[in-house]
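You will see chain A twice below: alongside chain B first, and alongside chain C after that.
Showing the complex of A and B:
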């Protein structure tokens, strides 16, 4: 029973690691520009398809493909911001949300047009599950996903705590007007945050490609989970998101030991509903 | 000068009105000369591996009908919409095809879409026929405005169960089923039959498509260490599950449903990884006159053998042609009233549209025997059909293991 529980906790941790990367950019943008970017999930899909292009179609090495994918998805994130969102920032939250839904649809259509309607796979080698003392754990590549998730959290933490830009971001998040009067350059901060949002989404897209198939709708599929994590973590709360991602992952993958497996996605939403009934501002609201 | 200008304007306006009227009348006359049939086929989404061929089969049949002079001098014209393997898109397509394009019948949708549109179609007296809607939910509904030329998933589940128990000798299995209409139908029928045969279902795991990973669900299915696994899921979900199953080294024999096959699915999973995986297809008897003739024409057109559901789709369109010919008018009601008459006995057995049309013109009743099989509809518009079980070899090609002819499965 303990071995079974440990294995499901590891499964949940893998899911949580992907969710952390998928949700970080979404939350940072929400924190900076105060709007819910519904098109964020499409950046994950763009990342996955860039990886498909470099690794599968062009046959480049894994590491170089990952680096290029993260870099180009970061640029895509910035491009989306500059073209679609920056010009309408002053119109307010509702306009931005509606626009982001439209941008999501455009990006989704572009992915389907370029990548085709069919599913694709990165065709990475299949690594066997690791067994210790007769207990099955998870495979090497899945451990890799957890490590990538943890390293990303550490890097974001260091960025927020130790760098000038990180501190500026925290200042703008707390009080935008005050931060502006203190001379923080919002333009370059926005550029950096959107690059980070795109980059982390690109990395999450790669991880999705490692574990599953690539489909044009993969971005929309993840949007639902990203928003759940964001709501649970307290909209715009970076640390809350990190914890909420693992709570959602573990709830789904450990929860099915008790509840029927068909309810796995529903478990994620059930915990959010319960949490919000108790604490409507999100359990980790700052 | 003023008078001249007014006269000029009157002439221009009059000419414009005449031009518009000519175009309108011209279009109306052209419309009267065509019989509009709407096609809702999955050209994108998880079933896009098959959709283009399903459409091509219908187009091929329509072209044959048209080349034989059409129906009362009118040509069949297909209005094609992409069902996108999504019920919502299918409903949108039907709501465009019927009121806007004024089609008299709909061809080709898959199970979810058929279920989503059948009431709307029946209310508008527009028949729906499909060669690929296997859902067992259609077993006891439909019959006047809804038909299918493929066998029910209930039979597919029965074939899978018989194959697992009798041919592979599996005494216990686990099930992993994607939470979708068609895949649930197959699993449900499998479970019932397999248990009746004496097999034991160790774990029945339901998964919701669209998740990043299915590891925890797969682990639940493997826990009781089954001898086999029935994986009833669409292509991209099945690809992910199989890779995760192999990653875990679970080892049991994997049987899939009819949503997978050689080609795209093998690209997703990898040739090496699909070796030994079983899958199902609805199958025709290759020795019938109709099949041989169809097979030859299809190969000439595409250069490949007919794939999953292709003969069934071809028969669906031929039956529309014969029902319209029998009705003597191109209306949905006419088709609905004559579909059983042209497809079922009694009547002169015919093996093509040409033969059927000839017999109908002679005033004889006909019984169409299609490329996919006898095409005899029961009261709910269902047919009995055959199934084949294949296994992937090391090259990612399917090797026939067992053929279950139509009517052999109870």
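Showing the complex of A and C:
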């Protein structure tokens, strides 16, 4: 029984690690351009499908597929920004949110058109399961996801604290006009942030392919979880998001020990509602 | 004449969605409440109708409640329950800001859908309710009934349009517009903003619920959870934004446009490789239309008329 609980806790950590990557991009964009980009989940799906293309269909090596996928998804993120969002940044938050709903639908349609309505799977080699004391805990690839999650958190931390662009981002997100007067180049910062958002989403998409199958609707599903994390962690609060990702991941995977498994996504949404009722600004202060 | 029959059936759906669109317009166009969970109230109306009017459960059914009430009770009940849920949900939610409100309403709709699937004792799970009774269906032939229900829907939509329009042209509507533009100023002027928002929210939800009951009874005669996905919310949003927010004619126009795109993409001659993927292309077209309208015609196709009020109260 304890072993099962530990298993589920580990699954929750895996989910949390993927969510960290997925939500970081989302929240950085929100901080920068001040709108909730509902289409962000589609970038994850795009990443997953790119990986399918390179690794499965073209048969290229694992590492090269990963690098290409992350790179291309980053470019896609930037492209989406330049084409759809940048021209209307001054139209107001509500318009941007609705546009992002439209963009999400376009991307979803494109993914479904290119990839087909059926589910696909990345055929990764079967990894060995790590056992402790005779109980099988978790397989090595899932464990690898947790490692990737931790490394990403560390890298983002370093980026925000140590690099010039990171500090510029923090300046812009706390007070945009003041940052502009200090001469921070918003154009190149936006480009970098959107590239990062796309790249992290692409990586998250690959990891999603590792733990599950690819369907055209995965974009919308992931958007829901990302929003849950973002609301819990405080829209735009990077550190809150990191903690919230794991809370959401753990709640979902451990929660299904109690609730029927059909409710798993609903748990994520219930978190949103509870969080907003208790504290509308988000659990963590900005 | 089957294509005529088909057009009429299509028209029925358009009219039902039109009711939701007009109601949604009051929420979004007039009061700027960005509700991404519209389908929830539609579903509540439909399922309430089903539960109220379907027969008591047989041993092989999962559900426990089936009252077998007459149809009118079902329709009224659908409206009341929708309004009630709107009130209960609105109490904690309406004070949230724009993007939080959107997220929460979306989450609510999705949780509701999961509940519809999982709470079998109430909703019969993924099987849903079928063979729902249509009003007066015994009085005429099936063919004539199609036209009759079309006629009923037209009446319903016109009623909705006139009722909601009257509300919007009245001082109540002006306050809603004021809330949309700047709710702090409205508070300053002594208007009880939360109470107005709640009233608008509840009233429009009642209409959405009634639309749901019409959908369940006359159009589909069955309800299953898969009929109430977030795509429905998106379609309503699309209709209102593209057609023109803040005025009810725009909402109806938007619906026409939507149905036109939908049907057009179903029936034009395309090479078979396209035809199979038509549903995804349709999604792309909707999304593109929405994005382009928002960029170039942010007010929608039918703009809201600027009303000049005469001096004085």
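The rule is short, and it goes like this: the second predicted complex is superposed on the first by the 284 of 286 C-alpha atoms of A that agree within 3 Å, B and C clash if a C-alpha of one lies under 4 Å from a C-alpha of the other, contacts with A are read in each partner's own complex, and residues count from 1 in each chain.
Everything below uses one rule, namely that contacts are C-beta pairs under 8 Å (C-beta built on N, C-alpha and C of every residue); 3 or more make two chains touch, one makes a residue touch a chain.
As the structure is a prediction and not an experimental result, all values here were calculated from the model.
Trainee: Putting chain B and chain C on the same copy of chain A, do they fit or clash?
Mentor: By the criteria stated at the top, chain C and chain B clash after superposition.
Trainee: Counting only touches as set out at the top, which of chain B and chain C does A:227 meet: first, second, both, neither?
Mentor: second
Trainee: Output check: A:265 vs chain B and chain C. Expected answer is one of first, second, both, neither. What do you get?
Mentor: both
Trainee: Pick one for A:194: touches chain B only (first), chain C only (second), both, or neither.
Mentor: In the superposed model, A:194 contacts neither chain B nor chain C.
Trainee: Check the residue A:112 against both partner chains and state whether it touches chain B (first), chain C (second), both, or neither.
Mentor: It touches chain B and chain C both.
Trainee: Using the superposition on chain A described above, determine whether A:55 touches chain B (first), chain C (second), both, or neither.
Mentor: neither
Trainee: Quick one: from 98-106, 170-178 or 296-304, give me the piece of chain B that collides with chain C in the overlay.
Mentor: Between chain B and chain C, the clashing stretch is 98-106.
Trainee: Chain A residues touched by both chain B and chain C?
Mentor: 112, 117, 216, 260, 262, 265
Trainee: Which chain A residues qualify as touching chain C in the complex?
Mentor: Spelled out, the residues of chain A in touch with chain C are 35-36, 84, 87-88, 91, 93-95, 97-99, 101-113, 116-117, 216, 220, 224, 227-228, 231, 235, 260, 262-263, 265-266, 269-270, 272-273, 276-277, 280.
Trainee: For the complex, give me every residue of chain C touching chain A.
Mentor: 32, 34, 36, 92-93, 95-100, 102-104, 106-108, 110-111, 114-115, 117-118, 230, 234, 237-238, 241, 277, 279-291, 294-295, 298
Trainee: Applying the document's contact rule, which stretches of chain A touch chain B when the two form their complex?
Mentor: Counting only chain A, the residues touching chain B are 4, 7-8, 11-12, 14-15, 18, 112, 117-121, 123, 126-129, 136, 138-139, 142, 207-208, 211-213, 215-217, 221-222, 252-254, 256-257, 260-262, 264-265.
Trainee: Can you tell me which positions in chain B touch chain A when the two form their complex?
Mentor: Interface residues on chain B, with respect to chain A: 43-46, 48-49, 84, 179, 205-208, 210-213, 215-217, 219-220, 223, 235-237, 239-240, 243-244, 246-249, 264, 267-270, 273.
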